[in-house]
Amino acid sequence: MVTPFNDSGSIQYELFEHNIEKYVEAGIEGYLVLGSNGESVYLEHSEKLKLIEAARKRIPSSMTLLAGTGVESTQGTILLTKEAAERGADAVLVKNPSYFKAQMTFDAYMAHYTAIADASPIPVIIYNVPVFTGVPLQSTLVIELTKHPNIRGLKDSSGDPKLISEVVWNTDTKKFGVLAGAAATLLPTMVAGARGGIVALACAAPRAMLALYRAFASGDYKKAGDIQRITAPAAGAVTGTNGIAGLKAAMELEGLQGGVPRRPLLPLKAEAREDLARIFRRMNSELAELS
Amino acid sequence: MVTPFNDSGSIQYELFEHNIEKYVEAGIEGYLVLGSNGESVYLEHSEKLKLIEAARKRIPSSMTLLAGTGVESTQGTILLTKEAAERGADAVLVKNPSYFKAQMTFDAYMAHYTAIADASPIPVIIYNVPVFTGVPLQSTLVIELTKHPNIRGLKDSSGDPKLISEVVWNTDTKKFGVLAGAAATLLPTMVAGARGGIVALACAAPRAMLALYRAFASGDYKKAGDIQRITAPAAGAVTGTNGIAGLKAAMELEGLQGGVPRRPLLPLKAEAREDLARIFRRMNSELAELS
Amino acid sequence: MVTPFNDSGSIQYELFEHNIEKYVEAGIEGYLVLGSNGESVYLEHSEKLKLIEAARKRIPSSMTLLAGTGVESTQGTILLTKEAAERGADAVLVKNPSYFKAQMTFDAYMAHYTAIADASPIPVIIYNVPVFTGVPLQSTLVIELTKHPNIRGLKDSSGDPKLISEVVWNTDTKKFGVLAGAAATLLPTMVAGARGGIVALACAAPRAMLALYRAFASGDYKKAGDIQRITAPAAGAVTGTNGIAGLKAAMELEGLQGGVPRRPLLPLKAEAREDLARIFRRMNSELAELS
Amino acid sequence: MVTPFNDSGSIQYELFEHNIEKYVEAGIEGYLVLGSNGESVYLEHSEKLKLIEAARKRIPSSMTLLAGTGVESTQGTILLTKEAAERGADAVLVKNPSYFKAQMTFDAYMAHYTAIADASPIPVIIYNVPVFTGVPLQSTLVIELTKHPNIRGLKDSSGDPKLISEVVWNTDTKKFGVLAGAAATLLPTMVAGARGGIVALACAAPRAMLALYRAFASGDYKKAGDIQRITAPAAGAVTGTNGIAGLKAAMELEGLQGGVPRRPLLPLKAEAREDLARIFRRMNSELAELS
């Protein structure tokens, strides 16, 4: 889920809660607050806690709330993880620290994730997002980490089929699940063994992403493939080309409330907004024909 | 197709022809000589011509022979393209030149591919392989190039879903076809709109790759997905982890004749060879259960 | 300056202040707190404020105190900048935000740095450190930013001679100064027009770095070149090879107090520590011969 | 030295020889044919041999002629190396093969360079140019290779001070010499221990580069620093910004004969040519003031 801001950079909690209501109506069963597209790197510590609370308040207890609690330091991540658990998060998503790239070795990551999983009252999901961190996680590391009883999944936004297949092949998929991290690779990653996905495009087009997931889960690969193909341009335009500003603009096209990004991110320019509208119109029209 | 060498670096044409016979028996309908995994960058000009001739001699005229003719200079590519056509190639695969990376602009590539397509007596297929060239092709370039009547396809080894979907969405797929360039992304790329693939793993496991293609083409996405998943570790081990030495060793595991790579590539070490054998045994056993 | 931690990750303020005393004795005239090697990405907001206060308390008012206040968000950077000024910092060092790499455009950075420089009560120095951020600053951006009256310098840790020469050539060097950001490129960057440097090796070998600077400033390029060459292996070993753990271990070799890094950074292994000791012994012996 | 082409892509040997005469007049003592800026990747094998012959014919036997003979395959490099020696080259420059990046390991490179140095009748100089190859050479490899009696130097175009200082520190500089590979880092690299340089800018401004070298060699670091700084914008504009088209245009500004680049490289646009002229005018005027 995105974090809506107004022009002066303040969080609009009422818009945030409005969006959750829409997602619940659409049938979304799991929610992530404080992810990359939630602009967690731009949030103060106190804002993070309020967003977890606001999300839990609106999300039915039967549905899963994940919180992104990974920061650069091990102790900072542990602190936020515990606070998230206290506020009702069901699990945490922990991206790998990456500022000191050359020192982020196998041993450093093993110690980091083990300390967090040991300390966390709730399950830990590893988050691999090299487009932002610059440091892709290796399959050997992920496979070793799956042995920890409290490490329960991987959200992979790289779409690297080698990573996904090696992890799926070498882990107990009853205990450890892989989740696709990008709409553009949702079906391929599920084909490779992922259980589902946490994808930005679902913020703007929750019903289309749900339909793709359900088609795949029910064995209707033909329909899943059609939806994957029809939604691909939107998936590329949102986040890929236009970043979070694009995702937020797309939400407004679809009756949700994105607000603007926080600076240094700039709002979407008019021309890009028109391209986006054209892409969504075509996507919606093709999806309507499909069903 | 790989180019088999002996320990002193000479091409073993009889092994090359032996492999073609096996592929024809397996039902492969299209063949690529002088591709990346054919070690074209290590071949003399005269060797390239002999390999095209040897391939055409063994490949039935009803089946397609592609030749990789892209070298760094425009005029060198045109020369080799014409010579390939004279020797019976049905189309040429042209990777983008990439030594002077900063100068490989949209305009430079437009002029390069246009000059080649103008001069070539046979259709031209663009080849995008950033893992080797270091310069990924942009969708805007590819889309513009599809307008040339003699540019008829894209082999994409990047697996970038944004590139593939934008190209498929914006081109006349009757005239211009996308082909997956890596086994690890074969099904996902076909789901995104590709017609088929030219994938290294098919050199060692032609029947498995054909089965995947046919399952997809006949609408049996479930089976296609199963084969994709089962073959993923082999796809990663061959080329990805072990490079061409791995592909050649895998061919020998499967009754084909890879020979050794040409230097500076080193032959596979014993330990890696054992890992590979284990991966192929498991793959073959799982594929057997499937059918 | 580094931030010394103990094994449980707490800041050892008394060691931090001890080091400052040693640097003052050595004759260092400018001090940076909360830089990359100060592990600022691992510090809580409240810790950052305490470190600025501790530094200002020990550093004579005639000497310059810089504080690294760049975080990912514009508003967070402005907040910390103002707090640093209130606590006696003379200027702030602001690295470019870089999480959402593709959106960190010329316009986004112009707006970011302009907003900070407008709001800051003290001068702003741009900090380019692509080895950590993954996003190198372009000379066109830096040159445009030098026009702001409150943007007064660039610390460049890339060592890119094109960037440095273009910036020096196109700016009023009376108002805007370039500082080298790495010991390995200190003399070359001063030759290209930099005024001095902020370099990690000075934490462990302040006298050698001062000697290099003074030799250059007095026109004794021969001696400056000798010191540059003699210290190069230490510069590579500290930070480059071993990261902050190496820098902290080197400080202990030289009678300073580095403590250990905060996790996920791991302390230096025994073998690397011995290599480091050997490199420093040789450096010190060669420096002694020189004078 | 560049290879001048006409608009239809043919080598203009008379322009090539004209340039050599000018360089001899200027006092240049060493010459490289078939380097990166000689567009060796665009040359046919027979053209390479003719260029070596043409160069040797014009270059006095008391002066050194180097030939760039590195191609992707080990055996192709050995063949061209022997042919260059037969045609009078005094040493060969061998860049590292790099197409199959992941397989270009320490062992592969050791075997490659050892085989070439064993077979070559003339000394071998290693050439590190990661901006084009995408694969930087590691200092451990270079240091190990310096033990071969026929490997006598490194041309380094990376400007990486850690590489240069480690190589200089760990080799017998009487037998093995480092040469700077870029004008922008000529003085810094000599300060770090290099003996001289092979730099593109010398094709257009041979007297300025010689003056820089001689100032350094005679201990006049102040003057060397001034020339380094004055020539830095030209060094950045030639090759860096504009590539070989820029270098060739700059040669024409300076009374030499660059011709045009071979396709896919495009000739310089008028606007870039004007920028270049402005940069060279300012450089020449500042150099004139200096002496």
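Think of it as A, B, C and D in the order they're written, each chain with its own count starting at 1.
Rule of thumb we're sticking to: a residue touches a chain if its C-beta (ideal position, glycine included) is under 8 Å from a C-beta of that chain, and two chains touch if they have at least 3 such contacts.
Note that the coordinates shown come from a computational prediction; the quantities given were computed from them, not determined experimentally.
When you average the Cα atoms of each chain and compare centres, the chain farthest from subunit B turns out to be C. A separation of 35 Å divides the Cα centre of subunit A from that of subunit C.
Taking the mean of the C-alpha atoms as each chain's centre, subunit B and subunit C sit 49 Å apart. Annotation for subunit B: no residues touch two or more other chains. A ring topology is adopted by the chain contact network, closed into one cycle in which each chain touches exactly two others. Applying the touch definition to every pair of chains gives A-B, A-C, B-D, C-D.
Only residues 9, 36, 41-45, 72-76, 97, 99-105, 107-109, 111-112, 115, 131-132, 134, 243-245, 262-266 of subunit B touch subunit D when the two sit together in their complex. Considering their complex, residues 159, 161-162, 164-166, 168-169, 184-185, 187-188, 191-193, 219, 221-222, 224-225, 228-229, 232-233, 235-236, 240 of subunit D touch subunit C.
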